[in-house]
């Protein structure tokens, strides 16, 4: 089934390019998780179930969680800084969003 | 050019992904995207290795029905290498994420270029300050 | 199998085990454990050196129950043993020299973590020296990289995070290139162990089909290791990484970590690459050119630098250029000179970084030249150490730097005439530039200052630091005076290295 | 030595002395921040004397220089990318075809791993047998990579209660953002899922030598189960059992056992001694010699490391 292989590989490349062009970091991280899942499927097709299960647990699971918690941590650090500077909440959120964008 | 370019889709995709990841790692000013680029680069290498281990029409390297002949299973070596490699890459990316948090706490930005520019300026001012102090000492 | 043959394996496992145990120890206990471990490794390596010199041949040691192409193995000869001994000695002296700074600059609850990093760094360096397996080398390269990053950021003040991030990014690019080169090499040879890979390459390289892949593979492996060891155009992370961290870490990073990668590259050149292959010749030419550029540009950058630690880091770039130039000569003599310079540069740089820390401390933490005026009077032993290190760098006879420069110059005569002339000119220019910036700094250290500025302000004398400085200075002197036996061991080891 | 007399300002010797001490640097282009046309007095370019205009000029010049550098850098990087792509594609085109039986890597090494693997290691999963027995040194190195990465993250993010009470308070305050205020949906889902996830993880670890998976993937699954539990119920609940002491001692025991067991096996192997480790009956849970125990160790280390990564990222402590 070369057609399926080519489609999956094409999807991988599209994901990789999309990561660098997406404006919001949250979107980039989600795309990366999709990338990992598709990579796991590709490895399943390549008869390497060990790799597939590891990639699904690690790439799409733990690494994704760590990315999310890192983004959330950055946001809370940011909120602290803004609060110290005495900015009002509306402005804070706008600033965080700006910061999370590229 | 060799002839394999028309059959090795996996390897070609791996090469393209490798270059995309490498460029993300080198060119993106944003640290988070740099880390994602790093992960993509590593994944690409593992895809290449896994594709090298595949043999048409054979099974995954787990014994089934007591068949011990090497003609029924694919090459297990690349899979082992990739398993080791995945652990390495997840450790490295966790470390990079921790560094990113610390950098953000220190400089309030995720953009490495901005941080470098800020440092440049600080260094310059520090240099001038030291020079002025030294000149003051020299005069007295 | 005699008991001595187990020693390399014991030293690797011992350092790993110490790291694991240190995770529950207090900082002080971890420190003593680390010092004891490094001393033990030093004596074990000396034992192995003596054994291999007596038997006069190298041997392989199986890591497990399975022989060569199936299991992991390590390979031990005189060259590996002397390198391991030198690395252990340098590690011991550097850590001793920076002991007080570690206690002050690393947070109390995290000191045991710092020593864990040191332990694992030692084990990864030993594994890089001894391993005969490419993938093992990759895994330990990663350990070495992460440990080095941890050492850079252990101080947690100022710009260390930026240094660590820049170091990590460049190193990861290097690892990525190394890993893909390794995968390509595996896909054309089918082996991960070095000796079977060489046999496979000898069989397939005559086919023209494999010329292009082999060249690309060598390019990737070399650039990967070159980035990690700070070869000139890829050196941008060096001044940051060495300039802002705690002194022991700077000394260890500059004198050992980059040398581990260079040793691996030498191993690749000798053990994997078939002798006289076309791709190998291209590779040596490229290394030669990069090395020469690095020798000169590194010194030029050092002259422009006002911060003394950054200046010394740039001088590392130049010295790494010397090593690559020696490898690029493509002859056995060039390789021997490069290997000797690996040890001698380690001794010089560790001495410089340890004494710089003392000098800066007596000058109120200032690192610019103006602030260091008269520091040589304030801290006599550090001033002496810096002077000895600088003279050695410049190539003063009786010191180790002179011997390595002499070896490079005489090795150049064994290469082609063009390379010989180029190497001589580069050596002359680089030595002059070295003299300019090091002598300038030494003159600043001994500039006349009023009597009240000759007293050290808020300075706590430290016995270990002085002892380490003197030890490193003696090592420089010893390597300079008693170089013939060391060179003999190196050339003997190089003969049976392949 | 009249030329050493400082009365001669601007003499070569004075410049040289200044340069040697680091007061004057001809190569660094101080010109761009000096007022044009006027020869500055010594000390006139001190920060206090710098007018705002000059600072702006300096910054503009700096920005322009950095901008130019970045443009060059981008072009170089693109060229590098193109060259690398072409080189690698050419290399790939010379490699053996995809799925080729006669490719060089399908040699006697892979053949022995498959044909003798069951007899020599006792593992039904050939990959597990390979990485934990034939090439165990690599795998031990890999566990050390994980260990050292967790040490580095500890150095970076661990906040010590005694040494730094201020940041500890700050971190605790920030952590309120994560605490769910009795989020019923999440808690119900977690109550249902967490046991299943953790049991599945344990299954994957214990069957590492029989089926796909192994210590690492199983450990990651257990770790994500613990993280889900923590997200749903907060530190109050997990703090009861996942304390710092427990994590440390579990990691120490697992890695220590791993190290000692593998040293024993390496030592006996290299010295051709008899080892008491036997492959056992293939297919049973307690077979395959050390592999099942090593998988358990790796699983424990990975689960603890993943959990502690999460907690350290979130509030710098356990």
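By letter and in written order, the chains are A, B, C and D; residue numbering begins at 1 in each of them.
What we mean here is this: a residue touches a chain if its C-beta (ideal position, glycine included) is under 8 Å from a C-beta of that chain, and two chains touch if they have at least 3 such contacts.
Since we're looking at a predicted model, the values are computed, not measured.
The pair with more inter-chain C-beta contacts, choosing from C-D and A-D, is C-D. Per-chain Cα centroids separate subunit A from subunit C by 38 Å.
Separation between the centroids of subunit C and subunit D, computed from CA atoms only, is 23 Å. Rounded to whole angstrom, the centroid-to-centroid distance between subunit A and subunit D, based on C-alpha atoms, equals 17 Å.
Separating the centre of subunit B from that of subunit D, both taken as means of CA atoms, is a distance of 10 Å.
Within subunit C, contacts with two or more other chains are made by residues 135, 139, 142, 146, 149, 153, 180, 186-187, 209, 306, 368, 370.
Residues of subunit B found to touch two or more other chains are 2, 9-10, 16, 18, 21-23, 26, 51-54, 60-62, 77-79, 83-84, 86, 88, 91-92, 94-95, 97, 99-102, 131, 134.
Counting partner chains per residue, subunit D has residues 21-23, 88, 90, 94-96, 103, 105-106, 109, 113, 125, 127, 135, 138, 141-142, 145, 148-149, 152, 156, 212, 214, 216, 309, 313 touching two or more of them.
If each chain is drawn as a node and touching chains are joined, the picture fits none of the line, ring, star or complete shapes.
Contact between chains, as defined at the top, is found for A-B, A-D, B-C, B-D, C-D.
Considering their complex, residues 19-23, 25, 27-28, 87-88, 90-91, 94-96, 103-109, 112-113, 120, 133-138, 140-142, 144-145, 147-149, 151-152, 154-156, 158, 160, 162-163, 248-249, 251-252, 255-256, 259-260, 263, 265-272, 275 of subunit D touch subunit C.
By the touch rule above, subunit A contacts subunit B in their complex via residues 2, 5-6, 9-10, 12-13, 16-17, 19-20, 25, 28-29, 32, 35-36, 39, 42-43, 46-51, 54-55, 58-59, 62-63, 66-67, 70-71, 73-74, 77-78, 81, 99, 102. Contacts from subunit C toward subunit B in the complex involve residues 135, 139, 142, 146, 149, 153, 159, 161-162, 164-165, 168-169, 172-173, 176, 179-180, 183, 186-187, 192, 209, 306, 366, 368, 370-371.
On the subunit A side of its complex with subunit D, the touching residues are 49-50, 52-54, 57-58, 61-62, 65-66, 69-70, 72-73, 76-77, 79-80.
Across the interface of their complex, subunit B is touched by residues 21-23, 42-43, 45-48, 50, 58-59, 62-63, 66, 70, 74, 77, 81, 84-85, 88-90, 92-101, 103, 105-106, 109-111, 113-115, 117-118, 124-127, 130-131, 135, 138-139, 141-143, 145-146, 148-150, 152-153, 156-157, 211-212, 214, 216, 282, 302, 309, 312-313 of subunit D.
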